[in-house]
Each structure stands twice: as C-alpha cells, then as structure tokens.
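Two complexes come next, and they have one chain in common, chain A, joined by chain B in the first and chain C in the second.
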Partner chain A sequence: MDHHRSSTLLDEALALDWTQPRVIVIEDCVETNGAFVLHHVLKRSLALHTSSTSAVIFLAFSQPFSHYDRILRKLGCNLVTPKDNKRFVFFNLLTLECPDGDEGKTSGGLPSLYREIQKVIIALHEENRKSITIMIDDISLMEVAANGSTNHVLDFLHYCHTLTLEFGCLLVTVNHGDIYSSMERPALLLQMEYLADILIKAEPLSTGLATDVHGQLTVLNKGICEGQGNSRNRTHNFHFKVKENSVECFYPGTRT
Partner chain B sequence: MGRGSQSRAGTYRLAREIPSEVVCPLSALGAVRAFSLKMKDLTIYYNHVDTKHEYCNDFDLRKPLERHFLTAQNICCLSIQDPPNLAALRDCCAKFLAQFSRNNSSISCAGRVAIQSFCAPQCEYSNMEWDMLSFIRSLKGMIRDLNAVAVITFPPSLLSPSSSKRWQHIADTLLSVKAIPDEDKELANLLTGYQDMVGLLNVHKVANVNTQVPVILEATTFSIKLQKRRYLVLECLNQAPVDGSSGSSYASTGSCSGSTKTGTLDF
Partner chain C sequence: MAESICRNLRDGALEGEHAPALSIKDSIATPFGSDVFNYVLTKLSSNILAGKSQSKISILDCYTDPLGWKDSLKGPLDTENFSLKDPIEAVLFRHVRNLDLLLSAIIEMGEALARQGKGRFSVSIDSVTEMLRHASLSSVANLLSKVRSHASRLKIAINGVICKLDIKKVYDQNRISSTFWLLHSDLHEIRAIAALEYLSSMVGSLEPMNLSLNGQRGDLEKLSLLEQNSRKGKFHVRFKRRNGRVRVMCEDFHIKQSGINFTPVSSEEGIINQGLLPKVQFNLQLSEKERIDRAKVVLPFEHQGNGEPMHIYDGRRSLSEGKDEKASVLSENLQTNENSGKGEIIYFRDSDDEMPDSDEDPDDDLDI
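Right after this comes the complex of A and B.
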C-alpha cells in the first residue's frame, strides 16, 4: 500500500487551505474512534512548510499531553519542541470545572478559558504566526465540565468561531455523534454541523469490525470554490485502517 | 466499565440492580492478583500472593467472604448510598489515590477502585446525571497520572440513552454482561454447554492509551459458566455457521463449536 497515496486521499478530501478560516467537525461513535483524524490534522498543522508561521492551540478535555505526545511521535512529529517554542500551546483541561448558574456565564470556567485563548492568539498574531489552528478534544467532555450547560458550550464555540474569522484560524473539534442521536432536538450537534465547513464522520462498517478495515470515513466539504463565483459541496467516502505511524485510506474494494 | 442486566430467576444471579453497597479501594499490586464479585451476597474474594493468600483469582463461590478481609490493611470500604452528593466520594477517592503517584522507580503497588451499581436508584444522587458524569470524569482524570485503575458497574437502563452513551465514551474499556434465560430451546441448540451458562460477557471497547490503533479482538463474546458451582469461567463463544442458501443455522443438525479455552479474570 502506498502510504503517501493513502494519506493524501484524506488530504485530498479535506483540501485544506491553511491560510483560510475553516471549521472542521469530526464526529465518531463508541464503535469507531475518530481521534486519528485529529492526530492527522495536528501533524499536518505543525509540519507545514511555513512552519515558522504556524501554531496550534490544543484544548485537551480527554487525554493528557503524554498521550498525544506518544501518538504524534509515532507519526513522526515531535510535540515537545513546538511546545517549548510556544508553537504548540497545550491546555490540560482534564479537571476543568465550570461554576454553576449565572456566575458561569461571565467568570471562571469557559469564559476564562476563552479569554486565555484570545490572549494567546493575539500574541501569536503579533509574532507573525499566520496559520493558527485551534483544536478541541472533545466537545462532549466540555459539556460535562460545564455541568451539562449546552448553552455555555455553544456560546464558547461561537466565540471561537469569531476568532477563526477575525484571525484566519482553523477550528477543529471532535464530538461523539451517537450521544445525540437519541435526542429529539440535538441542538449542539446540529449547530456544530451547521457551522462546519468540513464535516467528517467516522463510522463502523455495516459488517462490523475487522482487522484490515477499521471503519469508514465520510468527508463532506462544503463550499468548494469552482471559479466564476460558483461553489458546491463535495463528499468523499472511503475506508480506513489506523496504524501506529500512519492511517491507510482506500476506496472500498481497492485494498490489496 | 460494566453494564448489568435483568437477572433471571435461579440460584445464581448474574447481575441485579442491588443497592450500591461497597466502594473498595484496593491497593498493593504485589498483593492483589484479581478480584471478582459474587452478586448473590455481595462478597468479594481476595487472596494474597504470600502465605496469607488474601488475594487471588481462584476462589470458591460457595463460601462467603470472611469479613475480616474487608477491614484488612490497605482496604477501605464505604457505602455510596448514604452521601447526598458525590463530593465526599470524590474526596475519598482522591485521598486514597494520592498514595499511588508515579515516579521513576518501579511500581511497588497499584491502586484499584471498584464501584458497584453506581447509578442505582437507592442512592441520593442517582437522578443527578451530570454530577455522576462529572465524578467519573474526575476519577478518570485522577487515575490518568497515577498507578491505579477503576472499575465501575452500572445498569444502563436506569440512565437516559444520551447519558448511557456518554458513560460508554468516557470508559477506556467497556464490557457488558447479560443473563441467559432458562429453558431456551433455541439457545440450547445454538450454544454448546448451554445448561452450564449463566450469562454472556461482551467486550465493546478496549483501552488504547498512548496509541491511536484500535484493539480488534478475535472474539468479543464470552460465555459465563459456573463449574461445579464453585468456579467462574469465561469461554470464547463461537456461533454455529449459517447456511448461505437457506439462511438457517447448522445448529439444527450439529452442535456449534465452543472453545474450550478458559481464562481467569485477572485484574
């Protein structure tokens, strides 16, 4: 399998322009973990050829720094050096707890976190870091940190979205779609899907788990410019197998 | 994390919604080989690796746990039924887990936290779904940096579907147990050794910390059997193959294969 070709299949589907503000939403489920997409985008963010002008702000609700560090090392990317150079700003939010009620709207918790992020982005912008990526892993745990206040979480995400427009950032979020599938009105999921420029869904195969194929990805890329003021949505669907040092993406039936 | 189900009638109950009674922080990796829970009378067996044999994975289900084991050194038991909120439980876990910090030396002992029927309705906080989620998240955050593990069981039918999914996502490893009905002729034809089975264990997710590669098991369903009314045994379960033309199972003409591989539960 041509690893270069297979990883570019995902890159082709994403078609990222690192200078343009974009929102990427990654959805997965219990059966199929989509975190590998986050790791792939993180690696790409830090390995840009214009690396001196790129930076990543990572909000970790799910795992400690050591988890991502070890995974990215196997992918050929060192997180320690950019962390020391302030090109990789890691917020360990495993134990973040937001105040309840009205206090949570203006102080502590998520509002305080947003102000920190804004400060970091302004500082990075002043250092001429033009490709800034904000990553959030994951939204469902942010809701737990906010004691179930979906409105606070949505407010936070909307504010982050304004940052992407103001500073040309990329915003990447991970969420678990199956949490909301039983709800009559899954407001958070619907709003995130609406905001997303690129929606990526990681799902199991209908035939179940297999050692050679770990699942399937559906990538919906909205508003791809086709010139003359035209744009359209483009959907890619392919299978994947996650490895320690890469992810193999291939169209169904093409894997040898 | 383990999910229980409605029990079947009979001498041995695989899982039932019982009052949350015990939180047992266990320590001393050198001492603890394994533990298992006998649901019938909520006894926990331990066998030490040294001459005292207090902790082990080999126990006799016919005998109740001697109470002095629950008051032994490095064991703390408390009821989670009484406290009106989870703050006290969180503090207790934090205090217990503080002794298992990681350092450069080899692991001399590890901590184990076991919480049974965490969302049972007898507990004051059982309708506070976000508080329970917050507690589990907090416990997971504590354990991440320590030499410790936690096992939590819960009946998913008592949670909203959305909350149940959140619990499943928070878990690193996710198992479920299900009782097998008595006198089911269809199952008796499909499963070899059906008469000895008390239930099924399913493995839904296996922890993949520090790696992005999912763990794909050869078998994810195990039968739970009692041998000689004494030993709990897990066996890999294989289903009888289905005839591609008729769609009917071969089980009607021959017994299905059943692995004779047995494994001990080792925590």
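Right after this comes the complex of A and C.
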C-alpha cells in the first residue's frame, strides 16, 4: 500500500497515456542512476488494465534479458510470460556493430533494425495490440554501436519518431547527461531534449549525498493542457529513494 | 510586431530584388520556435485556409522517409496542425541528402502551381536544423539563396524532417513572395548561425524570460524559473532594411493552449533585479529612512569635536587668511593643551565633493 501510494507521484508527473503518441526521454548521470524510471514505465506498460492490447518492444544495448527479468520480478512483474506471448519483444543488441560507412546506405545496422521493428509493430497491430511502447536502453551505447556516428543515431531516432506518429506508440529512451559534459554543444543530448514530450532528469541533490534520499527527479511534461488552457507545460520536482522492491517518491521535506 | 513580420513577408519583394527571408531561432531554454513558425504560417495562409482565395498547399514531405529506409510507403500524412479543408497534395521526397535534387523538386512544384495561377509562391522550411544534419552548410546556404533569388517568382514551403508538418507550397493571389525557416541555435556552430542570419532579411530569436544564473540558486528557485520559462519568453526581431539600416524590436510571448500570443514588453526589471540578489534570511537592502540616516552620519575625523564648522581647504586662500587660521589654530591648541592635554586632529577636507571612504587613491595624481 505504501509503495503504491508513493509511486503515484511519479505516475502523476508522467501522466502516461497510450492514446497519444509521446516521446519520453530519461536523462541521468553517474551519481544518480535513472534506470528505475525505465523499469517503472516498463512495469506500467505491461500492467495496463487493457493488458491484452498492450505490447512492449525493448531494444537492449546495455543489459541482457536476465537483468531486466530479475529487476521486474522484484517489482512484482513477470517478463517471461509476456515474452512467450509475444507481448514483450526483446531485441538483444549488446553485440550489434554497424558496418563502417553505414550512413549513406539503407542496408545493414540501424536501417535493418528499424525495418525489423516496423515489421513487428505491423504484426502486433494485426493482432489488435494497439498500445505499443518502444523502449531503448540506452542511446549512448547505440552511438557506440554506430561507431560514434551521432547523425546515424539521430536518423534512427527520427524513424522511430515516424513510427510513434504512424502507429500511436510511446517511445522511451535513456541517455546519460554527463557523458557529453566535455562538449560545448552536445548535439545528441540537445536533439533528444527537443524531441521529448516528457523530459525526466535524474540529478543528485544540490546538498550532496544522503542516505535517505538518493536524488531528485525533475519531470518536464510538455503539451499538458491545464484547466483554463493557460499553461502548456507542467514541471514537477521531487526526491526519491530507490528501495529493494519499489521506489519511494516524495516532495522535499515531507518524508517522516 | 509579429504582425509587422507577417506583413513584411506578405508584401514580398520589389522587382529585381531578393525576397524577404525570415529566420526563426530558438534554443532549448525556449523551445517554442515551432509555435512561432506555425503562427507565421497560419497568418500567411489565412486566406487559403479560409477558402477565400484560389490557392493550394503543396507539401514536399521530407519527414516520412527522408533517407529511403522504409520498404513500403505506408501511413497517412500527418497534418494535425492544419485543417484539411483545402485541397492539399503531397509528394514524398526520399533523398534529403541530395540538395540539388531537393531544389529541383521545389522548383518543379512551384512551377506546376505557377502554371495554375499568377505565379507567386512562398517557401517555408521546418527546419533548417534538420537540413544541416544531412548536408553541409555551404550547400544549404546555396539552396536558400537560390530560393530567395527565385522567389520573386516562386514561394514554396518546405517542411523538413523532424516536424509533423511537411513541405508546403503556399500560393496566394495577394502576390506573396517570401521565405522563412526555423532553426535551433544551440545545435549549430556560431558560424553556421551567422551564415544563415546573413541570408535573412529578418531574424527573430526567442529568449527565456529569466536568464537563470547557476550556482547560487537553490533547487526550488531553479524549478520556478523553469516553470516560468516553459510558458513565456521574449521575442527579439532584427529587421534589415533595404537602405542598410537595422531596426530591433522586442515583444513578450505567452504560450496558450490555442497557440502563441504576442504582447508588448512589460517592464520586469524589478523581477530581474530581485533575481540577482541571493536569497538569504536577512535584508540586504536599505530602506529610505536608513539611507537618509546613513547620509547624516558625520565621520569621526570630519568634525572638529568642539562644535566648529568644517573647514574646506581652498588652495587659493591668501597668505593672510592662512596666517589667521594658523593663529586661531594655535590658540586652540594652546587652549586644549592647557585644558586637558588631549590630542586633537584637525582635518581640512580638500573639497566638499570628496565623499568619505572614497576609493580614489590620493596619490593618483602624482606623476612619478
């Protein structure tokens, strides 16, 4: 009951809605890992009350299936059954390597990955699974797989964006902000921030390390219509603590 | 002011001149370039959308499949920002890397529409940032300048890659002849932005309402600034006139559900000033009374201690006066010596202008 109540702060901030195409970008750093947000969204995507119409396509560049299975099991969500039912499509891309000079071609590496995903989505649509979530973990490793070609990764993200508009999917991506801290204009990071409908930043507290609070989350939700139609964006900021089986989210100072 | 931009674009160019070109620049702090773009596009095409003129919107779709990765061309065009009352035709374009091909596609589309009517088009590009991802700065600049020089005849709207809108050609009997484009200033090098600004006759840049200063701010302050910047901002426009003069105008904008609203600048200096002082628990400013009291305080070495008025040294005093003064000073000294043996500091101010605690070094006027 307690964890259900506290994670609703995160749900409120995200306002996840599969009826509209949306892009969620999660930005974290070494000091504050934002993977728990990804796991939370994954759990919510699979546990939709209209569960027969939901599906998740997971592009894993960073961890194998067993890792996510273990974590989601602790959160009370089984991944094996949906995987067998083709509701959870897992692409293990840890060893993906795009051939050199891939940018101009329409074959190999990322373009063929895109076509695979497109095929899967069309197949899911035929089975009436309309609430689809595409998750990418994570973009910086996709850049490594693309031999450092930021443009190629951005082209791939653009095509994924066309998919969200065409089929009404939710696209969730993870990136690490501090990787680009030495660059004056981190193109990949900024492009993703422009692309995002919901931008989630996981940062450490400005006061430093703490045992009770692991960090703070800032959620910028663009395009949320408020009552009088006055503001179009909604910003949330709260602290969180990652526990064994859940995440506790609370406003600063409200934790007893 | 936003109205005057649209009017400028609508009026078009005189014979033999380049078409007016507007650059809309935004950044991640105020990512509302698309809203401004849509506003301008709506204003320019208002006659078309209202069905008042025999006009057409042609779309050169560089969004759906810019690089030809898709096997089959499926999916409807997304024109959610505009209602499809009028006949809109769309042509898919799959080779955004080849700018020569792109330019000829634009011109082909424009001439087709020109043949149908009086031959005036306007071009809008959303966004040039995407074009620069696929092609070099020089080729993009080349394309834009060719469009501008062609645009005395043609007006074509090119919607590029990322946005839901696609390339449009807008043909209006009111003889519009102009072009405008959107770019994100923080995604390009300064020279690229400078080159594009040079190509445009009007540059509209969006800036956040409050420039946040990092470091001294607490988390809550950053959050409230973020919240404010997510709805409002400033819109600066620089007009380059034909005679070479530059005019700068500024307006505030506010994002509402129905779109973007422009209002004249409100004086928010008070807020800015407050923002620069760090927020601490004691009052760093002086009240009026405190200021007056401070001005009244006489510094210890400024009074003679015996109720006599201050003497201000006037270098032109004659010797006799000097002697008299000396005499009086001496007598005072004698008196005080007799009285209490106390020391006395006699201070003559150089002039009344010299403020106490002045930062000026009195040795400054020595030339050594």
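Basically, the second predicted complex is superposed on the first by the 245 of 256 C-alpha atoms of A that agree within 3 Å, B and C clash if a C-alpha of one lies under 4 Å from a C-alpha of the other, contacts with A are read in each partner's own complex, and residues count from 1 in each chain.
The criterion applied here is as follows: a contact is a pair of C-beta atoms (placed from the backbone, for glycine too) under 8 Å apart; a residue touches a chain by one contact, two chains touch by 3 or more.
These numbers were taken from a predicted model, which means no experiment stands behind them.
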Following superposition onto chain A, is the placement of chain B relative to chain C best described as a clash or a fit? fit
After superposition on the shared chain, which partner residues are touched by A:115: those of chain B (first), chain C (second), both, or neither? second
Go through the superposed model and pick first if A:64 touches only chain B, second if only chain C, both, or neither. first
Taking the superposition on A as described, I'd like to know which of chain B and chain C A:15 touches: first, second, both or neither. neither
Just checking: does A:80 make contact with chain B only, chain C only, both, or neither of them? Give me first, second, both or neither. neither
Taking C-alpha centres, what angle do chain B and chain C open up at chain A, rounded to the nearest 10 degrees? 100
Is A:47 contacted by the first partner chain B, the second partner chain C, both or neither? neither
Given the touch rule stated above, what does A:179 touch, chain B (first), chain C (second), both, or neither? first
Touching partner for A:30 - first (chain B), second (chain C), both, neither: first
Which of chain B and chain C A:193 touches, first, second, both or neither: second
Once the two complexes are aligned on their shared chain, state how close chain B comes to chain C by Cα atoms, in whole Å. 16
Going by the contact rule at the top, pick out the chain A residues touching chain B in the complex. 30-33, 35-36, 39, 63-64, 66-67, 70-71, 74, 94-95, 97, 140-141, 144-145, 147-148, 176, 178-180, 182-183, 209-211, 214, 242-244
With touch defined as at the start, can you tell me which chain B residues reach chain A in the complex? 129-130, 133-134, 137-138, 140-141, 144-145, 160-162, 165-166, 168-170, 174, 204-205, 208-214, 216, 220
Can you name the residues of chain A that touch chain C in the complex? 104, 106, 111, 114-115, 118, 151, 154-155, 158-159, 161-162, 165-166, 185, 187, 190-191, 193-195, 205-206, 216, 218, 220, 222, 225, 229-233, 235, 237, 252
Under the stated contact criterion, what part of chain C meets chain A in this complex? 28, 31, 63-71, 74-76, 78, 97, 133-134, 161-162, 164, 184, 186-189, 218-220, 223, 226-227, 230-231, 255-258
